[in-house]
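Some structures to go through are shown next.
One chain, chain A, appears in both complexes that follow, with chain B as partner in the first and chain C in the second.
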Partner chain A sequence: MARKGKKPPAAGPPVTTVIVMRLYVAGKAPNSIKAIANLRAICRRYLKDGYKLEIIDVCEHPRRALSDGVIVTPNLAKLSPGPASSVIGNLGDTDSVLAALGLQAGDIVE
Partner chain B sequence: MTTKRRAGPRLSKLATGIAGFDQLSRGGLPRNRTSLIMGGPGTGKTVFALQTLVNAAQKRKQRGIFVAFEEAPNEIFANAAAFGWPLSALARSGVFFLDARLSPTVVQSGEFELTGMLAVLEAKRRQLGATWIVLDGIDVLLALLRNSGAEMREIYRVRDWLARIGLTAIVTAKLDGDSSQTMNYGFMQFMVDCVIRFDRRLEQGVPLRRLEITKYRGSDFSAGEYPLSFDSHGMAVAAPTLADIRPKASAERVSTGFRGLDSMLGGGLFRGSTTLVTGAPGTSKTTLAGQFAARACRRAERTLFVSFDEGGERIRRNLTSVGIDLDAHVRSGLLRMYSSPTDGNDPEEHLIRIAALILDHQPRCVVIDPLSAIARTGALSSARAAGNRLLSKIRDRNITAFITSLVDGDDPQAEATELQISTIADTWIHLSYLVRGGERNRALTIVKSRGTAHSNQVRELVLSAKGPALVDVYSAGGEVLMGTLRWEKEAEERTRKLQRHAQYSQKRRELQLAEGDITARIAALQVDLDRQRAELALYARDDEARQTSSEEWESDLRRMRSVIAPATVSPESRKGRIPRISVNSSANGEEEPQRGP
Partner chain C sequence: MTPESLPAARSAPDLQAEAAFKEWVRRIVKGVAELKALEAGQIDAVLDPATGSAILLPEAQAALRRSARSALGARDVTRNVSGPILTGALPGSRRTKAGRIAAVARATTPNCLLAALPAKEYERLLDGLEPVRLTYGEVLNEPGEQIRYAYFPCDCLVSLLTVVEGRRALEVGLVGREGMVGSRLALGFAASSVRSLVQGTGTALRIESARFLREFHRGPELQRALLRFTDALMLQVTQNAACNRFHVVEARLARWLLMTRERVSSLEFYLTHEFLADMLGVRRVGVTVAASALQRRQLIHYRRGAIKILDLQGLEASACSCYQQVRLTGLTISVR
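Showing the complex of A and B:
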C-alpha cells in the first residue's frame, strides 16, 4: 500500500494551508529514490508539517498509475490547493519544484 | 520448442498485412523484437503502426497496445476513420490506447526514467494478452531528458523490457536533419532488429512518399526505396513483383488495327505484350493508340484508355475526324476513357488510380497516352519507377498494353534517357516526321519487337476521314520517298504503266491491222485464184466445144460445097466465127473486124 508521509500534527505551527501531494515512483529506480530524498528535504525545509504526501510505487500499483494518467516516473502531483500541477523528474531542481508547489525560495519556514 | 525447431534458424515474423510491405520484408516484422520506424513529420509512420495493429486485430485476433506520446487518441481515431478503421470499436475489444502525452503544464525537475511506464504497460499486457505494442513518437518523451546519455539509457531500457516480456514492438520516432537527434537514433538503429525509414520529399513541386527497410537483422529483405501510397483503405507499398508469378508468355496475336502494321510485326502484337510508341508531338501517336483501342473493342475486348492532359471527349472528337469511332464503344461500356491532368501529382498517385481502374474495369487491353506525361512534373527517377511498375502490373494481368511516349526530336533513342520504358517494352514503334521535298510526312518504323521477325522497313502513315492507313514507301537512291514525292513516284509509275499499256495496245492494233491486211490480201488472191480456175475451166470447155463445132462446121461446109478441102481454113478465122462463147467475145470481137473481110 501507499507509504504515508508525515501528517501535520493537530497543534501545528502558523501554516495556513496544507499542501496535498502524491509522488509516483518506480520501485528502486535510481531517480525514484533520488526523488523521494529530494522531496523529503524540500518538505523539511519549506513546509515543516504543512503538507500531506502519499508515495505510490507504480510497479506495485500499475492500474492506479494508469487511471491517474502517470506515464513517467518519478512524478510529483500537487493535488491541493489548486490549481493542480505536476513535476516530473528526480526533483533535483528545487526552484522548479517550489514554483510548481506555489512556493518561493524565500518562504523558508524556520 | 517444436515451433522453434520447425522454424529452424529463420526468424519468426508477424505479418503487418500492409500490401507490399510483407513482400519487401519477406513476411512482416520480427516477432518479439523491436522495429524502429523513422521519418519526418507526415511521412506515414503512425499510419503504418496503426494499420498493422488494425490488421492484426481484425484478421488474426492479435491484441495490441498503442502508446501515443504525440497525438491524442481522439485525433488518432479521427485520422483512422478516414481509412475506415473502426478504432473506437477496436479500443473496446482488442487494442488498448494509452494517452502518454505529458500535460503542457508539467514542470520538469531533473532526470526521470521510463521504468514506471513500462511497469504499467507490462500490467496492461498481461491483462490484455497483447501480441503487439506500438510506441508512437517516443522521441517526444525522450527529448525531455535533454541528455543524450540518458536518452540512450532509456532506449536500452525499453528494448530490454520488450525482449524480456515478449512483445512485438513498433517504435516510431521522428527523424529530422537535427544532428543530436540523428546521433541518438543512429544508435537506436544499432540496437533494434529492424529499421524502416519513411521519407516524404518534394521533388520539383511534387510530393513523393517513400519507404526503405534499412536494416533487418537475420532476414533477407528488398533493399532500396519503395513508393508509398495512401488511399481510402490505408497505405500500400509498391513492392516489386516477383518474377516467378508472371503469367506465361502468350503466342496469341492481337491486331494493332492496321493490316500493314500487323504484317510488319509478323501477324500482330502478342497477347499480354507491351507496345511502346514514341514520337515527337503531332506524329499521330494518339491515332495509332485510338486505332488499337477501336480494334480491341471490335473484338469485344474490354479496353481502358488513359489519357493524360487531354480530356477523353476531346480525344474521341479528334479521332472521329480521322475515321476512328470510339463513341459507340464508350456507350456499350466496353471502353472506359479516363483522363487526368498531371500537374503537381506524384506519379505514384496516377499509378494507384490506374491500378484501381484496371481492377474495376477488368480490361484486356490498355492504352496510356502519353505515359511520358507523368515525367513532366516532378522528378524523373520517381516517374521512371512508377512507369515501370505500372507496366509490370499491367503485364502481370496479361493485359495487352499500348503506351505512347512523347520524345523530342526524331531520334527514338531519346526515350532511353527519359522514362526508359523502351527497355521493358516488347515492341517499340517509332513515329517520326520525314522532311523531303518541302513536306513533313509521318513515318513509322519498328525499332524492336521481341520474339517476332519484324519488318525493318519504314512505312508512311496516311490519315484521312476514311481512317488511318499504312502505305508502303518508295526508296529511291537510298532515300525513302513519302507524301508528294511518293505520290509523284506513284504517278510516275502509273504513267509508265499507262505508257506501256498504250504502247502495247498500239502494237497490238498494228499487228491486228497487218494481220487484217494479209487476210484481205489472201482473200483477194483467193478471188483471183478462183477466177483463174474458172477461166481455166471455161477454156477447157471452149476448146472441147470448138473441137466438136469445127468438125460440124467442116462437115457442113463440105456439105454446102461438097468439094472444098478442109486444109484451106486458117485457125484464126475459125475461132472468130463462134459467137456463142461470150467470155472472150470482146477480145475476139476486136480481132474480128481485122479478120472479117
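Showing the complex of A and C:
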C-alpha cells in the first residue's frame, strides 16, 4: 500500500506582503512635495493597497528623525519586509525607489 | 560648529557665509547617497545632531518664503512655514494691519483665554497680535530678563521652569492654549521670574509687552481673565510643589501626561525620557521605569519619545490626586 504523502498546500490567492515605509520630509519644501507626489504615484501604480506609509515632518519632529538615523530629507525608509533600505532625494528616479522597495518595473498592479 | 555659529549664512548670504554653510553641511552629511542627492539639489533640510533641529537649505528656505507670501490672504500661513531658520515672526508678519488681522483670525486652535474675551476687547488686542511658530527647545524668557512679548499659545506647549544655581531646572508650571506666557506683566513686573521653554512645537499669538499692558489696562474682561488664569497657574505651581514631595514618579508621570494632553488637545505627543526626567525632577532611569509600568498596563504606548495615551480613564485612575485639583475645566478637548 502506497503511503500517502503530505498534502500539497491548497491553491489560493498568493499571500500579499504589505510594505511599510516612512517618508521624512521638511514641511512643504519643494523636494519634499515632489517626493510625496512621486511616492504616491509609485504606490498607486505598483502597490495599490499593499503598503503603509507614515510621513514625518522633520521640522515638527527633528529629534524623532535624528533618533531614526535620518540626516537629510527627503528620505524614504522601507521598514518591512526586510532587509530595510532607504532612498534619498525627491524620489524622481522610479527605478531606484522600486529597487529599494524590492519591486521591479514589471510588477504593475492593474 | 553649529548653525547658530553661522549667523552670516542666515542674515547676509555672501559668498563667504555660503562657503561656511556648505562646509558645515559637508561635515554633517557624510553618506554617499546623501552627498549625491545634495549635489543633485534634491535635499531640503539637514538635521543637526548638535542642536537636535532641522536646518533648511537656502533653496528650500527661499521657496517656502515665496509660497508663504503667495499664500497670504488665501491660506493659513502659520501652517505653511516651519523650520528653525524661519522661527520667530512668520514671513509677511510685518504687513498691513488688515493683513495681520486676517492672518491672526485664521490661526487654528484658538487660545481659550482670548476666545473668552468680548468681541470689542478681542478686536482691540487683535490689532497688536501676530502669529508665530514656536519650535521645541526655544526659550521665550529667562529669569530676570525683560519680557518682550506676551504669548498666547494656540497649539503649542510651554513649560515654566525654575532655575537653581544657574543650571539645574525644574518644571513648576505648564501653559498651553488655556493661558498665556508672560502673565507676570499683568501683575506689574517687567521681568520674568521663570524660564519659559517651548516643549511642543506649534503656533502662538504674540503681542509686544507695552501694547499688551495698554490693552490690559483698558479691558476689564482681559483683566478678569488674566486674574483667573494667574490663580489657576498659582494653584498648579503649589500643587506641583506638594506633588514632587509626596507622590511616586509613576503617578506624577500619569498626571503630567494628562495635563499635557489637555493643553495640546491631542492623545499623541512627542517627549523624550531626558525631557520627562527634567520635568519631573528625577533621573532618566526613574522615567523609564514609570513609563514601562504604564505601558505594561496598556495605559500608554511609548516608543522613541512618541507617546500615545491608550486608556484615558485608566491613566486618570493612575495619576495622583493632584491632577483633579489642577485639571482644566470648561475646555473642549478634541481627540485626534
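Some observations on this one:
Operating definition for what follows: the second predicted complex is superposed on the first by the 95 of 110 C-alpha atoms of A that agree within 3 Å, B and C clash if a C-alpha of one lies under 4 Å from a C-alpha of the other, contacts with A are read in each partner's own complex, and residues count from 1 in each chain.
Everything that follows uses one rule, which is that contacts are C-beta pairs under 8 Å (C-beta built on N, C-alpha and C of every residue); 3 or more make two chains touch, one makes a residue touch a chain.
All values derive from a computational prediction rather than experimental measurement.
Once both complexes are superposed on chain A, the partners chain B and chain C clash.
When the two structures are aligned on the shared chain, A:Gly89 is found in touch with chain B and with chain C. Contacts of A:Leu79 after superposition on the shared chain: neither chain B nor chain C is touched. When the shared chain is aligned, no partner comes close enough to touch A:Val18: not chain B, not chain C. Contacts of A:Ser67 after superposition: chain C is touched, whereas chain B is not reached. In the superposed pair of complexes, A:Ala29 makes contact with chain B and with chain C alike.
In the superposed model, A:Cys59 lies in contact with both chain B and chain C. Applying the stated touch rule to the two superposed structures, the overlap between the chain B and chain C interfaces on chain A comprises residues 25-27, 29-32, 58-59, 62-63, 65-66, 70-74, 86-90, 92. Taken in their complex, chain C has these residues touching chain A: 28-29, 31, 33-34, 36-38, 40-47, 49, 52-54, 56, 59-60, 63-64, 67, 80-84, 135-136, 201, 270, 272, 304-306.
Those residues of chain A that touch chain C in the complex are listed here as 25-32, 57-68, 70-74, 86-90, 92.
Residues of chain B touching chain A in their complex: 98-100, 102-103, 105-117, 119-120, 122-124, 141, 144.
Against chain B, in their complex, chain A makes its touches with residues 24-27, 29-32, 34-35, 38, 58-59, 62-63, 65-66, 69-75, 85-94, 96-97, 99-100.
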